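Since the structure comes first, as structure tokens, the remarks are kept for the end.
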Amino acid sequence: MAEFEPKIIAFVCNWCTYAGADLTGTSRIKYATNVRMIRLPCTGRIDFMLLLKAFAQGADGVIVSGCHPGDCHYTAGNYHARRRWILFRSLLDFVGFDTRRVHFAWVSAAEGAKWAQVVNSVVNEVRELGPFEDYQKLARVGVE
Amino acid sequence: MSRIGVFICHCGENIAATVDPVKVAETMSRVPGVVHAVDYKYMCSDPGQNLIIEAIKEKGLTGVVVAACSPRMHEPTFRKVCAESGLNPFLCEMANIREHCSWVHEKSDITTDKAIDLVRVIVEKVKRNAPLYDIKVPVTKTALVIGGGIAGIQASLDIANAGHKVILVERDPSIGGHMIQLSETFPTLDCSQCIMTPRMVEVAQHPNITLYTYSEVEELDGFIGNFKVKIRKKARSVDENLCTGCGVCMQKCPRKKIPSEYEAGMGMRTAIYIPFAQAVPNKPVIDKDNCLYYLKGKCKICEKNCPAEAIRFDQEDEIIEADVGAIVCATGFDVLGTDSFPEYGYGKYKDVITGLQFERLASASGPTLGEIRRPSDGKEPETIVFIACAGSRDPAKGIEYCSKICCMYTAKHAMLYKHKIHHGKAYVCYMDIRAGGKMYEEFVRRAIEEDGVNYIRGRVSRVYEQDGKLIVKGVDTLLGSQPVEIEADMVVLATAAVANTGAEDLAKKLRVSYDAYNFLAEAHPKLRPVETNTAGIFLAGACQAPKDIPEAVAQASGAASKVSALFSGDELSREPVIAVVNRCPPPVFSTCEGCFICEQACPYQAIEREEIKTRDGKLIKVVAKVNEGICQGCGTCVAVCRAKAIDLQGFSNEQVYAEVMAL
Amino acid sequence: MKLGYYPGCSLRGTAREFDESLLAIAPGIGLELEEIPDWNCCGASAAHNLNRELSLALPARVLALAEKAGMEEVLVPCSMCFNRLAVTRHELLEDEELRKRVSDIIKMDYQGTARALNILETLGKLFDEGIEDKFVKPFDHEVACYYGCLIVRPPKIVQFDRYEDPQSMDELMKKIGAHPIDWAFKVECCGAGLSISRTDLVAKLSGKIIEDAVHRGAEAIIVACPMCHANLDMRQEKVEKLKGKKYSIPVLYLTQAIGLALGLEKKKLSLHRHMVPVVFPPREKPAIESKSKTKTGKVAGQVEE
Amino acid sequence: MSSEAAPSGSEQSLAVRLYDATSESVAKCYQCGKCSAGCPLASEMDFPPSQIIRMLQLGFPSLEEQCVSSLSIWYCLTCETCMARCPKEVDLPKIMEFLREESMRRKKTHPKAKEIIAFHKAFLDSVQAAGRAYEIGMIADYKARSFHLFQDMFVAIKLFLHGKLKLFPHLIKERANISRIFSQTIGEKE
């Protein structure tokens, strides 16, 4: 079987990271194809159930990326996101979820190259971790 | 069942080179709900757009997905296309298969597969899009201008001349600000009062301007186009309508030895006073802290002598409420207290004065009628030393930043001194000369070359008095840092410009942000210098940072034009991407529990409280309500809502989850 | 008030009159002093001219000793010692790593609880407790209060008085009936550590100070620092040579002035140890004043005899 | 910053080593000159304080050489006037202290500083020996070092007559402790 290709879902804010990824494109910087981007107005919009949903859908890793602290288009959204993430992560830890599969990043509209590098590094890291099957297993248990 | 049309763009080779559009279109056509899927070389071209228009008409599409470049590029284009053909523009979305796919990956099936995923995601979203309509906010076409200095005056006049109403609020008894205190202005040396007073009169007489002096902004509510302001009109103890400004009261007032604010302490005033001859309005106020009647309960001499019987000791503060659509903040600056400079002996030695005090000495309307005389004994100073950066660029005792105006006004001071006392010696102890500006450098050179002002590079360490002389211990860093001692008759400190007192409180009242030095913060340092990050509130003049007159005036006109633009229509219309609280009737079933976590999360204080009552007015519960004028649509409230009672139009939970499920 | 006491070397040598006069007035003003056992030299300007760690280790030992003796506040009359102790405490508390290193050098663990008090703030506190009535013989003279450089510096660390134009000593002097003059050299440097090695420079600097004090009609210079005293008193001859003038203006430790006001006789205050004799030429005054000031005449007289 | 540090470290610029040793950065200084303006001895110095800083800022070996071999660093009275008034709160006394040590290590002390160093050494010797400064011994020692045998003789005699000079040093008990302090810092008495 060919090398495992992880499936990465990225939740990005419209003003910084989405634009940053556009810049990656306009500057033709190549990066791994594994990532699928979902555009939101602000990382503050991210309800962390979305992350669980992503994993339930078979994602092997998730990227959450928004504006740098202080640069939020909505002044404070990214702070709220970060605060909630800190709590949420400890919950995930508690239930034995490998939080290395969730990657938090700050990519501004000017950081095209950084976006490519973030994606690549996450893809490699998750490739190391291998496919995420715990949920499927659990689901199956539920079925049987 | 939704009928989605999918349009795949080749963007010439830009997409087609690495992604196979045909395959994408073909795959999409098999997605349930997709009734139409085509690819074309240039979707944004007229023929491309026509494909969409026709499809909408023929197939009766309920949603359109254009898979092409970034929505940041062409979303408006395609939404317009939909609108023209009768489809609600918000039912049209773009899948970004160029910047996020074709340009960043090599040609391969994987790349095409990714493109397919990206399109499918948007298709699933659009299936759940609801028609949205731009939000219209009415605009009250009255501007509030806070601060009656040159910036506030300029802004008021510009807005008023554009045909809009203006309310100008000034804290002091008269408008005029710092500029009216100045003697002559650099680099042209024209008399400040001569150019200022006509503007002040114009303000007073302008039909569109309502002037409230001796007043302050008490409270502000509302949002862009719809602010509600409370203004406290402090009691003057004088009936302005009766008072003729004859000035008898001031002649009779027994309290004559009160340091005048206008004269920066170089002259005296009475307890009932008009700050200066050209004051607008030319009506006195009673300074309650110094008036014998208010202090001791007896005197009332002014009342006895007032021919117009205008004195009102029992007058009380008045609260004026007004609706305004925009606000210009022009509260100006203050000069740093020099008590932080014991080594320069300000306050200890009479003849060590501040730049502002020198302005009064040099001003024809000043206490010495424009003659430079030292405060201690009224003698003409034979030798005068100007110390630059007294407080500026001094993190230890003053402020870290450069006050910007001092280099120029110090050069002006030295020049004025030389013009008035030809034989006198003028020294300027400076660190750097910062004379960036039209005709500024030339001005400084003129002071040095033509008027023979002696510039010494080096900070002064200490000033002390000996035998009636002020010994200035300086240094010349251009002479190998040799200590230099000057026996001066008078020393002038170029005191730093700092944020005005109360700037912080005002900023909090207006909900605009301010920097570490309490200067009000602009929305963007380069591209939005007159806006604040609160929509509808603009900045003018030195309340934002130290500025000289031309800069302050320019920014004031800038702010005025922003306001005029805002007032050009009867309504503001804005994108409907905002949060809404679920309110399915009957109200009892509103899923909002009223926990108001959203209230704390909202960066814009856009969450309001709404009481749900029965018909007979019994309170059922309090729920959240989003003020659509204020909400900017970040969606933070949606994420924190436990009951999932708030949703974000255009990025609803349903839509976003559907996107994830599509992967 | 009970305080730890660190006299420092000079108060046991060239500046013994400072020590002696302080101990002499202590009971009178309700001050109880307990000397730090086995204290050592603070290193003064020498140590921190030659080696930084030494300049910290020596004072650190003193402070550590005080701490061991359970002293929280230590009176340090010599302002050089005071400066060294205050700065050392500050630096060690700022930099834990440094504190460990120094603690290791001195083989004692200095925690930073013991802190140095200078003579001015100490007397200030005592005088606030209303002991004016004890000053039976007002020290009725025009005096120039000379603070020297180190008692108010570095402002950020010592955080005491107005560092450019200090007032604390002037206040003390007013309380004992003296008339402090307003002059310009309160905190100018006298030449301090160069006293022996570069007398010429010292004479130059001290010259300015004496000149201004005399010029503004001071009858005495009041000091709170052995260095200053040495340079203004011991070196006054040298200064006179340099300036080609005779000043012979007495230089008193403030403790001595206070002692005189308390009515102690000059021997107990070791006025005899000065190079410049402590005498006040009788001032000719306008008739009206002379009445009110007759008492003064006596005081001056007693000082002279 | 103890004197054992190898002189070889001097390949690094003085400014950098100064920072490592005292966390004082000369880059802070913007050369306003206020220190030189206030320094009581600026006019006597070969390089006024602000110039010393400037030379460190530029950091050319030749300039650093001039710094450590300057007379200024020995004339500094550590009266701290400069620091009290410096707008950037540069701790000049500390920097001077560092330069003096450097000067000694490089054996580049200014000839005119002979007496000053001699005095400081003498002072410390007496402290090292007795734990406290002991004037007669100190002065004798100083004269031996400085060869100013007769300077101040009269003053000394006067001092003695005024009972200000004790014939015998006061020895503290824990002298071992003191000598440890010395050996740990400036090393053995030469």
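Should a chain be cited, it is by its letter among A, B, C and D, assigned in written order, with residues numbered from 1 in that chain.
As a working rule, a contact is a pair of C-beta atoms (placed from the backbone, for glycine too) under 8 Å apart; a residue touches a chain by one contact, two chains touch by 3 or more.
Just so it is clear, the model here is predicted, and its values are computed rather than measured.
Greatest Cα centroid separation from chain D: this falls to A. The central chain here, found by comparing per-chain C-alpha centres with the mean of all protein C-alpha atoms, is B. Of all chain pairs, the one linked by the most C-beta contacts is C-D. Separating the CA-averaged centres of chain A and chain B is a span of 37 Å. Averaging C-alpha coordinates per chain places the centre of chain B 54 Å away from that of chain D. Centroid to centroid, with C-alpha atoms defining each point, chain C and chain D lie 23 Å apart.
Within chain B, residues 343, 462 each touch two or more of the remaining chains. Residue positions 163-164 of chain C each touch two or more of the other chains. Shared interface positions of chain A, defined as residues touching 2 or more other chains, are absent. Residues of chain B touching chain C in their complex: 342-343, 345, 348, 462, 464-466, 471.
By the touch criterion given at the top, residues 9-10, 12-16, 38-41, 43-55, 57-58, 61, 105-107, 149-150, 152-156, 163-164, 187-189, 191-194, 196-199, 201, 205, 234, 272-275 of chain C touch chain D in their complex.
Chain D meets chain B in the complex at residues 30-39, 42-43, 47-51, 81, 85-89. Of all the residues in chain A, the ones that touch chain B in their complex are 7, 9, 18-19, 21-22, 24-26, 28-31, 33, 36-42, 44-48, 50, 53-54, 57-59, 73-77, 80-81, 84, 116.
Of all the residues in chain B, the ones that touch chain A in their complex are 70-73, 96, 98-100, 103-106, 108, 110-111, 114, 117-118, 121, 533, 577, 601, 603-604, 632-636, 638-640, 648, 651, 653, 656-657, 659-661, 663.
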